[in-house]
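The block underneath contains the structure these notes are about, expressed in structure tokens.
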Amino acid sequence: MSFERIKPHLPWITLLVLVLLVGIANPSFFDPAGLLSLVTDVVPLFIMALGMTFAIYIGGIDLSVQQLANLVTVIATVYLAKFGVGVALVAVAAGFIVGAISGFVTTRLYVPSFVSTLAMGFVALSAAKYFSGQRALYMDAELRNSSFGWMFGNTAGVPHELVIAIVLLVLAWFLQTRTTFGRSLKAVGSGEPAAIASGLNVDRVKILAFAISGVFAAVAGLIFSVKLSGGDANLANGFLLLAIVAVLVGGTPLTGGVGGVLNTAIGTLIVMVIRAAMVYLEIDATQQQMVFGIVLIAAIALTIDRSKLRGVVK
Amino acid sequence: MYELRQVDKHFPGVHALKGVDFKVKRGEIVGLVGENGAGKSTLMKVIYGAYQPDGGNIALDGTTVRFQNPRQAMEHGIGMVFQEQSLILNLTVMENIFLGYEQQFVKFGVINWKAMSEAARMQLAKVKLDIDPGMTTSELSFAQRQLVELAKVLTLEERIDGDLVILLDEPTSVLAKEEVELLFNLVKDLKQRASFIFVSHRMDEVLRLSDRIYVMKDGAVVDVVSHDEAEVDAIQHKMVGREVDKEYYREQKQRPYDAGKVLLTFDGVSCDKRFEDVSFALHPGEVICLVGTEGSGREAILRTIFGLETPTSGSVAIRNQKVTRFSARSGVDAGIGYIPRERKVEGIVAGMNVYENMTLSQMNKYANAGVLRVSEEKTLARNWIERLGIKTPDVYKDCGGLSGGNQQKVVLAKWRSGGAEIMLLDHPTRGLDIGAKEDVYEMIREMSHAGVGIVLVADTLEEAIGLSHTILVLKDGQFQKRFDCAPGAKPSLYDLVHHMI
Amino acid sequence: MSFIKKFIEQETVSRRNFLLASAFGISGAAAARMFGPSPVQAATYSDPTIAWSYRNRTNPYWNEIVSGGEAFVESLGKSKGDLTHLINEGSSEKSLADVKALLAKTNGELALAIDTNDAPNARPVVESCVEAGAYVSTLWNKTDDLHPWDFGDNYVSHMSWSDEGPAEQTARILLDAIGGKGGVVHLGGIASNNPAIERLAGLKTALLDYPDVELLDAQPADWDTQKANQIMSSFITRYGDEIKGVHCANDTIGYGVLEALRAEGMDIPIVTYDGNPQAVDLVREGRILATVFTNPHWGGGITAALAYHAAIGTFKPSEEPKEHREFYGPTIMVTPDDAAAFKANYIENVPTYDWTDFWGPANGQIQYK
Amino acid sequence: MTEVVAQTAPRASFLTRDRIIKWAPLLVLVFLTLVFPFFEWLEDLQEGKQHLFLVDSRFFSIRNAARILIASTPALMVAIGVTFIILMGSIDLSMEGTVSVCAVIFAFAFISWGGTLASWAWLAIPLALVVGAVLGFINGLVHVRLKIPSFMASLAMGFVGTGFALLLTGGDRIRVEDEIFRSLLTVRWFNFPIMVYVALAMTLLAWFIQSRTTLGRNFYAVGGGEELAHASGLNVTRVRLMGFTLAGVFFAMGALLAVGRIGIAETATGNNFMFISITAVVVGGTALWGGIGGVWNTLVGVLIVNVINNGMVVIGLPSYAQDGVLGLLVIIAVVLSTDRKSVSFVK
């Protein structure tokens, strides 16, 4: 078995190795209930990373997702009383619109997505502050339960949150591999000029990619908001860098056209394991961040398939 | 003076060079020909130090040398003028010339721009180019850039005590006829100072310029002929290992087109400084060839038809419908196929496999409400792989990993399978070996028989004459003359050149 | 007032009314209970893991909190290292995920002291602790509808500080110092944080008694020194000499303000909050007029102690009165007069607290408005 | 053969598109410095106060210019550092970690070696710069040697840096109270504090490196075409390593000025530098894909961002609206300074 053949499998091998390492150091890590709970908790982050994958898959990046999720936590909390479960639609629409505007600014106005999405994130943050009246809000418990209680139950021991994540993953995977849109994404990510010369509406594909990223960020924000039964303009802080890291560690590099949503699923799990390892291995509080960074470098060094990074590594 | 002895090079699964012996004498111009995949580029990379051979050795004046990287090769007087433009466009001309060797102008850590400028002027004089060395390179024409590249390699003269070996990889591919002449004269002038290795697909040029010609096939040198003994047919025979059809351009298959119908009309179309007031009509089965030098407007016309450029005045009509929206998308919708010159950039998507590339322009035909019917795509791909004889292990092969000819066939299959009625071919045979070229000619004839209208920008004038029903000559964006090219009544090279320059 | 501001503020008022109606109105007095009172008898443990979950180590305030937690652990005859630290880096998501990981690891044998980073995050944290049978005491952040007594024994206690009163006191000190005339500015914390809201409210209450003082501007500096510095210098541009005093939501903001004033060669009175050692030094030097010490060392220790002792069964939370389940922490005003004495008593010699005197220094039951 | 092939370039007229785009960031800056006083004027007009446009402006005054410059200096140093990297077509996101580590190590060394510039403690300054260089070098090594794209490598290195700073301080903040060191902020020459002049000198140095040294020009070469540069015999690996090292030095310089401005070194010293500095670089007209732009662009970019930040408070924009307005203005500034004809597509 040559190394070439192993390469595409490196992300999940890395995940497995990490799980084994942590588990051997502290066998209680293998407790199924505990693992299930760990996986369930990473769901909002995973959903956000799932959306981010689309932006990174076409060679861009979406830095607005965290602020967008913040905005959605506020919208969901404020308008729950008015719209009930319909607030989900409002949230998704908000995500779609902000994402689409980012995409528009990027493709039509030629502002690099790093800056356009960052700026749109600021706009979303302002909106979140405005709608929340700069306060931390909470949802009425009965309303929350009647509208969104279904999100957090268990069926046959499987948390519904996890089911939602898997459904979204399958949806995203289907979108990526089985639809004309997914194919267009791949073409745009791997070779934009050829995609243009094949008559694809490249701008629309890119704008849609950012819009989808926005929609997923909104869903992540909604789930998080319901989970915490509240919202404010900072509630989703801390998601952004982890979501990016999850996508990258999974093996979707920023060059575009490589990797995909399954990689992100693995990447998110890797992030989760590294983070849980801090608790399970009792890493000293002042060392945690440094250890996280070093393990991250090692994980990225292992997971990226350099043969697919066509051309130079920048 | 420079010698390769029994050089071997392996890549995973490929024996790229098989015991190659290669020799360059002082002041000699050595030609190197071979089909694509024959090992020319690997051999060149070994010569200029980008690859290290894993068998045999390299000798300079009898001493064995080993280059770890291009820079070490340069320090031994071996320089390369690249096929692809290798100048960095955001730098000035002088910076490009001395890139990597700025140290000679540095005093106390500071670059002396004035001194560099003077030195650059000297180098430019060697190639008879009079431009300001402080100009940004992106402002130069292609021909000027080619000369700057040569000037850059010639800086080795001052740096190296010994003799120079300069590799010219397809140096004429972006040049117009008169610019080629200029380059050749220059090379001949420079023979006193350097030896040249000249690689080109244009057999006539190789024959004219070279003192000796190495012929490669399948990673080995199959023949070495001297200038006087060289014959095109014999060499081509050696290269492909088979007789080249005398009827190279399939002239015998040229049939008259259907003048009764019109596919495309250009009526006094102009496009911002690129071409002006161009009118013509394309009929089913017709092959129109646009002829002119680089920058004469040929490519811009193609791109306008496809919708990549928007004309500033005049009207374009497809099947008598006036075109109002110019975008590649509307071009594709109108049944236009475009085979771009930059095959690897605009033709195929590297990273996507064969069937994905083939259906890229027509995904909606293989999808229900946006959901792809992948099995149908694969069937389509298998059909066309068979029909065009595309050499690929399966439909899952990454197109970036196919050879140039097969990539071109994939692009053709993409448009043909989509039912394109107007095909735009921009240098479709560029960089292809003879076998692959013939396949392309065959396909052009086939398409023509099937009633497809073709607009072609050919790689050579011979190709243009051989393939077309109609030739339009352009010069500096102005339409010059129209030639009818019925079989047996084709215009001569001279007729065309006369109007081109 | 700038016309932009005027316009937007009118907008905001109407918005806020709407907010109140939608977010709070309907819930009204409905006592929010996700889960009914938890299992009748909660299990106790002989040696639960003791953990503190907090925002970060870059803020001296949290270091003080943690030092209290460590002092408590040491009082049990354990080593400092036996206290597990969970750091959320300002991320509610990480806060919750870390707690869940720790619950899984310890199988619920856990005594957790936590600031959940953001108020809404308190509910899921508490709920998962209750579900796992762990004991949790919260500090600072929780929503008003979440109460320990709704969760039986496992949600042991919540401690917060009533910042409005002390902030009003510091404001009065400030306003007196400027002679009850002129303008003041306020630099706040992250706008949606409870303490930030209360500390601004304290200032506003005090201002009612000082009709000649105008609150020129109040902007959130997000507890951040550099941001405070930048905003303060912009304030100086906008209001110049009109600014007679500065009311800061905490010490770290105060440092930034002091440096902005220093750059201008200005010397106007400022008051801060939190009573960090460096701020106390500045009070002693007279550069800060007053700060409020909330004794984070004790708060950090006692929060952990409550969770721990409930977990080992020393006392049964559900049998304690409400003022022992939700209570205010102590506050001590530090002014130049008493700064030296204060420093000697609280900073140079950290008092040894009796970690079983849970409610001695506490300040009464938390009141909701 | 006597014929001369080439023509000289066509003479450019004064107001060409290229030229407008080149100067667009500066025009945006000038526009902004006029717009904020306009709002002030409008405000005073409404209140019936006497206000002569610009003359009576509080924003448009030397004192406020000094304030904006003080706020700009640390970010400027960091942005210049990352400019070199962006010129190469790479990106460096490690600045927050590097700044924190340099600030903390500087403060520790400074305090323990005497606590005043008038002692051996001055050695803490070169020490901090060396630390910055070392961190940058490691960052470059991870990127080049492990062949990890710089975005990921530097992002992870940023975590390591912040983590290391935390390990060093244990969460404490260190006050640097030395009057001589703090004269960076407190002593003014011609209305501006010394740190502004230090930043100016460093900017000139950066410009010198960019335009007058081989290394600086090689950044452009790598950004314009890495493979071509490599084929021309340029040691690209070395240029990259040097680039990241140099960026590290400028990050350290940013750390020193940040400590000079606030008087405190802590793990949080590096916070917020990442997005601000990269935004500033892009707003200034340096292209993220490399090869275009430079130090002066970055200077203008940093000033634009800080003028907006200052101006929004000065005209009394409500705090919750400030982020959004900054975002929109950034987009507008980038749109104006992008040569849409020179880029085929943007990601």
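The chains carry the letters A, B, C and D, assigned in the order they are written, with residues numbered from 1 in each.
Keep this in mind: a contact is a pair of C-beta atoms (placed from the backbone, for glycine too) under 8 Å apart; a residue touches a chain by one contact, two chains touch by 3 or more.
These figures come from a predicted structure and were not determined experimentally.
Where the CA atoms of chain B average out and where those of chain D average out, how many Å apart are those spots?
For chain B versus chain D, the centre distance works out to 43 Å.
Measuring from the mean C-alpha position of chain B to the mean C-alpha position of chain C, what distance in angstrom results?
So the centroids are 71 Å from each other.
Rounded to a whole Å, what is the gap between the Cα centroids of chain C and chain D?
The separation of the two C-alpha centroids amounts to 35 Å.
By the touch rule stated above, which residues of chain C touch at least two different other chains?
Within chain C, residues 12, 57, 191, 220 contact more than one other chain.
Quick one: which residues in chain B touch 2 or more of the other chains?
Touching at least two other chains: none.
Touching two or more other chains, which residues of chain A qualify?
Only 129-130, 134, 193, 286, 288-289 qualify.
By the document's touch definition, which label belongs to this structure's chain graph: line, ring, star, complete, or other?
other
Who touches whom among the chains?
After working through each pair, the chains in contact turn out to be A-B, A-C, A-D, B-D, C-D.
With touch defined as at the start, can you tell me which chain D residues reach chain B in the complex?
Interface residues on the chain D side: 1, 3-6, 8-9, 208, 212-214, 217, 220-221, 223-225, 228-235, 291-292.
Over in the complex, which chain A residues touch chain C? Could you list them?
For this pair, the touching residues of chain A are 26, 28-29, 31, 33-35, 37-38, 41-42, 44-45, 73, 77-82, 129-143, 145, 224-225, 227-239, 242, 272, 275-276, 278-280, 282, 284-286, 288-289.
Where on chain D is chain A touching in the complex?
88-91, 97, 142-143, 146-153, 155-164, 166-167, 170-171, 226-227, 275, 278-279, 282-283, 288, 290, 319-328, 330-331, 334-335, 338, 340, 343-347
Under the definition above, what is the set of chain D residues touching chain C in their complex?
Against chain C, chain D makes touches at 39, 42-43, 46, 58-59, 61, 63-64, 67, 70-71, 166, 169-173, 175, 182, 185-186, 193, 258, 261-264, 266-269, 271-272, 309-310, 312-321.
Any idea which chain C residues touch chain A in the complex?
Interface residues on chain C, with respect to chain A: 12, 15-16, 19, 22-23, 25-27, 30, 32-34, 57, 66, 81, 84-94, 96-98, 100-105, 107, 118-121, 123-124, 143-145, 190-194, 197, 220.
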